[in-house]
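Take a look at the structures below.
Next, two complexes with chain A in common: one pairs it with chain B, the other with chain C.
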Partner chain A sequence: MTTKFALSLVNRRDFLLTTAAATVMAGVSMPKITFAADKVVKIGFLAPLTGEVAAWGKPGLDGCSIWADWVNADGGIKIGDDAYKVEFVAYDDEYDPGKARTGAVKLIKEDGVKFVMMLGGDPWPGVSPVSDKEKMLFSTLLPSDLTPETKLLVAPCEVHPIYNVTGVEWLAENKPDLKTAVIVAQDDSLGKPSVATYLAAFEAAGIKVLGDPIFFDPATTDFAPIMSKMLALKPDIICLDTCYADYVHPLTEQAFQQGFKGQMISCTADFYPKMVEKTSKEFMEGFIFQFPDFDDPALNAEHVNFRKPNDFFQEYVKRFGEGEWSAVSWEYASIMDLWSDAAGRAGTTDPEKVLEAMQVGGTGKQAFGEAKWWGKELFGIDNALVGLWPVVVIEDGKARIKEFKSIPAWWDKHKALMIKHMEALNQMYYQRS
Partner chain B sequence: MTVELLLQTIVNATYAASYMALIAVGLVLIFGVMGVINFAHGELYMAGAYVIVALYAGSGVPFFLAVFAGLIFVGLLGLLMEYGLFRPLRENPLGGLIASIGFLLILQTVAVLGFGIRMRHVPPATQDTIVFMDGVVLTYQRLYVIVATVILLTALWLFLRKSKFGWALRACAQDREAAALQGISINQTARLAMFIGAALAGVAGALTAPLVAPTPFMGHAVIITAFIIIIVGGIGSLGGAVLAAILYAFVYTFVTTIYDGTLANIVGLLLMLIVLIVKPTGLFGAKERA
Partner chain C sequence: MPERAASPKLYWAIGAVPLAAGLIVLPHLLSFSQQEILVLLTINVLLVCSYRLLTLTGEWSLAHAVIMGIGAYSSALAAKQLGLPVPLSMLVGAGAAGFIAFLLSFPLLRMKGFYFLIGSFAAGEIIRLIWKWSELTWLFGGPKGIKLIPPFPDIEVFSIDFYDPANYYYLCLIVVTISLVILYRIEHSRIGLTFHAIHWQDKLAQSVGVNTFRYRMLAFVVSAFFAGLAGALYAHYVGTVNPNRFGVEEMVYILIWAIVGGTATFYGPILGVVVLTVLNEVVLRALNIDQMRPMLYGAILIVSILFLPQGLESVVPKIKGWLAQRRQKRAIAKPPSEAEQPAK
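Here is the complex of A and B:
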């Protein structure tokens, strides 16, 4: 019935003319590149999506979904003469080297990804041989994975834990009356280099660390004894190092419950509104950490390279909810900015050529500003992109950037201290197995 | 160690002993009466915590009402396990153990699907604290756990010693066939043991939920600790489980405070090994049965 009705209104000649005109118009208006609908570039996301470390994996994948939607809506990324839609293929490594290795093989061999983003840390040793064999470019958020042999591993976003020096430096400049600190960390590949970094930063700032750093078993569930031990030393500052969110929260609650009145500093404070809820605004006032909410007006500064940070944050909150923002929500997306830019300039997705394009001139556009490829002295290879990093302070229940500080500037003044403490904890690249 | 730190450590250890005792006693009761090692006991603890997440944190139900709901809900989960898993496998203890592992995975998956993979935040019912002296503090939230443990374990003791149902439970624990010959219903005592054992784990999870930030996998650490405790106390001994929980909690907490948590884990396992070598039945295994 519908067909008959249509044919009664349009005769054959008109139909052919209209169709031909539409085809010509379409041909004229089509760009010279093949559009995203035709070609897809797959990117591997190999990170913990479940378990205790999931807070540094899953929110990053969520951020990537926003990044991909925005990029694909704009026509994809242009590589050579073609535009490609970006598709993320995720694999949950559960922060386990064996599972990470399986995931890496699957992503490369079965899914055909052109680049793999990882959290890094404990899973990296499982993946390293796969990277070597397959000549695949990987990224890590933890440059402590870097060694002279990891030529296809880059840390282009965060230089964990080195940026922690900026928080301590800011603290010393702004609260010079605080002179003693205690450090606590989980006993693993994230905790130890971070402890070395904080030890160096406190020493550089003239702050005395009381007792030995306290390492706890990652299986710990009751943090009261640990906090009691720390408070018995009567520190001005409690440093929570790079504890996972599952530990930062109970440690902070214990500090509150056991009556600590001093300063707290931590690498991260993921889901900090919950900490404010479980303690108080007054207790959390002045809590220093290193990862801003991206609705922060300071991120609109000219030197910040992350695109539309405030919009990104709003979209993230809209999709995933209030309080779901974490330290890594933006990080993998910012790595994708660098990779897509480099792939575009290289005109190929070939890992080695993309890496070459990424590192051309020895500098790059890190999320918070112009940065340099660095790390030879600390990691044995210049595969970490380092520059400015924000110091974030909780004020009236909300995280706010107080200042962007230069990591290279600190390094130039105090690198001997950093190397000393890294060596003491067997964290230098030539000491790590 | 200063006096303040010593006293604070005693306070910390008392809290730890309390929730460990609740969990371990439930595990012992189930094993004593039914002869099954319930590997899903840690997940029953987790289920109790998630009842608080859903009712108290999520729906605004008053805390103690939510704790009571947790007790009932997890007790009913225990009944479900008894009816669906352990009864059909009553003559096959290994089968029961494996079935409990399967149920553990199901509970974890349900928690993941229902509440997500990440830790959930439960605000404390109160932020009030008791300050004994400068540097020695006990929060009311922890006090609730200690008081509830004392009340529940006393009630359980009275129930086992003074009621006919309690005698039936103890009779089954001592010799199930002889108890059946005396007219005691094995099914009924098994149901009762499962309900009470599971409910104790559930109430422990519910009461500690604001203190631990529940995750679907929170049962892992708990079940290992509970096994150490019941081995040290003597498998099947309720009194032994309570005393072993106190011993373990004090040793663990003091070693953590003086040295570190990793060493505390080693010392806890050494404690178990020493007891197994010196007295393989556990501290109270041979003398006292449920």
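Here is the complex of A and C:
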């Protein structure tokens, strides 16, 4: 009745026109939310937000939104005489170098960002000329992007895949009866250097790797034959290398379904509660990986530089759900800690001056402790920040930090092994074409 | 004396002038990032048009993205390892793609239809595996591919820097225009008519002495040459190539552009790639719905295939028909002027 009455007064076209006009007017006339201090520094976030690698992009952006809210609520960051609010501008590079180049140009020339955070990997070479021409500072989570030419690229948080040595070292110290391992990885730019690292780490720990590492095509969807091939070698340890979440989950499920009873180790175990659901608490007990949940009490240790990690985790879970926490949820935020500290000390957002301030003294405050700028021997440039890294073990369905171990200490003892395996897989910076 | 109807060529010439003017002015109307998208779009126009040439013979390949990659890899290697000038390297890249297609045509063109489709996919995957093969990392760079590919050299006399997307767009525009003219001429030549004949009546064509294998091979090689050229243009702009860039996902995009645009006309695939790229890279990105973008894109594809099963190209004759109908109606409704009225 009401509808009929309304329609008799207003025809459909008038109704649509009025609604559209009202919407536009509302958009135009509503005051934009502004902060007390109107100075804003924009930071670029150039990472995959869709596609198979999105698990290492989107959760990081979510973490950054918490970081920005906290920093802005505290009055912003002080650079020179002014306080700046921080605003993140994101661009989905879809893990494609061409799209990453477009994104970098947009962020720098249109959005006016002062620093760009990337996941790195395949997209970086597309962005590299933009970084050089525009003199923009970039960060990567994958230091295998570093070469002597990448002067404005830093890896200030995650030194993938070198930290994987800490997991193997801890495993050898705590479960000395495990003597054999098999390694599986996707055949791509993340998988190969990680395999070289695990090979070096296992050799250093006196663990024998059975057969050649198994490389599978990234387009693989059926993991049953791969797991069967691995189990046929009867290993004590299955190493999932740096497989993406889309591979770690089915491989773990296959190991469970095919009756594997041994030890599993992996670089990441993103969204591990889902793996526990699909297998069992008993099966996942003792699963070793490298990325903690930030509600871990061990992160309240004095040497940890990440601000309020437990609160950060609670806020993340509140906003996005516990199952959404991943390896990168905190990493981009921790890079922002480093950048804002350096920009504050430099008194400017000028990329080259911020980099200089960041690297002054050759050390920096990495998320898990004091670290040094390092990498000359492995990457040809000291642009990776390396220090302590946590070893994480799943206990009763929950990830817990067992120990923080020193990457430089391992490197000092075993660097020859690492270089040997990196060279064998053509992963040294002078071998990458 | 009856009024002489204007020839279609004249219409084309009249239409080409504003089109050319529009394409020349276009980058200056766009933002920096849109100029970047424009460069990649122009390259993709060549890619999808080269694909259409192959479809004229009735064959749909799943190796076209990999063949583009052969052009990209070969051109990159020629410039980086052999030190050839980039323009020459691009031709080497295109030639290499054509040559590999020539070799592949011997096993592949013994198959037809679905079998050719699957065979081409397998051949493409083998090539991608060769690029990734650890023994050949020194050459192809393994999964990380080739980086620091020399860019197109600047023309210092005129201060033209090809890092600037507008300048590279003009270079691509020239190369792609010449390529499209060649492809168009091939299609409308006797060779092109033979391609059509092979598509629709291959047995009949054979019975009148047409060597269908040779013509299908010709279509495969020519389409590969231009796909390789598109790959070379891409490699020297982005500065890197890797095996994943030319994988199944890229191939699916080529198929989508061709299917949504339509392959019955020369402009069909161009419409497909232009409309879908603008939609995906400009419109949907502007909505800031990153995670929803693939879903919306998929929904649009489904809707377009449901309502435009003949492709976007089928809209053009519909619009033409509608305009003609309107003109006709207006002519009937219009009362004759005094001069036109018969004398009483």
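By definition in this document, the second predicted complex is superposed on the first by the 397 of 433 C-alpha atoms of A that agree within 3 Å, B and C clash if a C-alpha of one lies under 4 Å from a C-alpha of the other, contacts with A are read in each partner's own complex, and residues count from 1 in each chain.
Assume a contact is a pair of C-beta atoms (placed from the backbone, for glycine too) under 8 Å apart; a residue touches a chain by one contact, two chains touch by 3 or more.
Given the structure is predicted, the values throughout are model-derived calculations rather than measurements.
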Combined model on chain A: chain C and chain B, fit or clash: clash
Touching partner for A:K58 - first (chain B), second (chain C), both, neither: both
Partner chain(s) touched by A:T50 [first = chain B, second = chain C, both, neither]: both
Which superposed partner A:P97 touches (first chain B, second chain C, both, neither): second
Partner chain in contact with A:A224 - chain B first, chain C second, else both or neither: first
Contacts of A:F271 with chain B and chain C, given as first, second, both or neither: first
Which superposed partner A:D187 touches (first chain B, second chain C, both, neither): both
Partner chain in contact with A:K133 - chain B first, chain C second, else both or neither: second
On chain A, positions contacted by chain B and by chain C: 49-51, 54, 58, 187, 217, 219
Contact footprint of chain A on chain C as seen in their complex: 31-33, 36-37, 40, 80, 129, 132, 134, 137-148, 151, 163, 165, 234, 237-240, 242, 244-245, 247-248, 281, 285, 290-291, 293-294
Complex contact set, residues of chain A against chain B: 49-52, 54-55, 58, 187, 214-217, 219-222, 224-226, 228-229, 231-232, 245-246, 249-250, 253, 257-259, 271, 274, 277-278, 280
Residue ranges of chain B touching chain A (in the complex, touch as defined): 1-2, 4-5, 8-9, 12-13, 15-16, 112, 117-119, 121, 123-124, 127, 129, 131, 135, 137, 139, 142, 210-213, 215, 217-218, 220-222, 253, 256-258, 260-262, 264-265
Of chain A, residues touching chain C in the complex: 49-51, 54, 58, 90, 92, 95-98, 101-103, 105-106, 109-110, 122, 125-126, 128-129, 133, 144, 149, 187-189, 191-192, 217-219, 425-426, 431-433
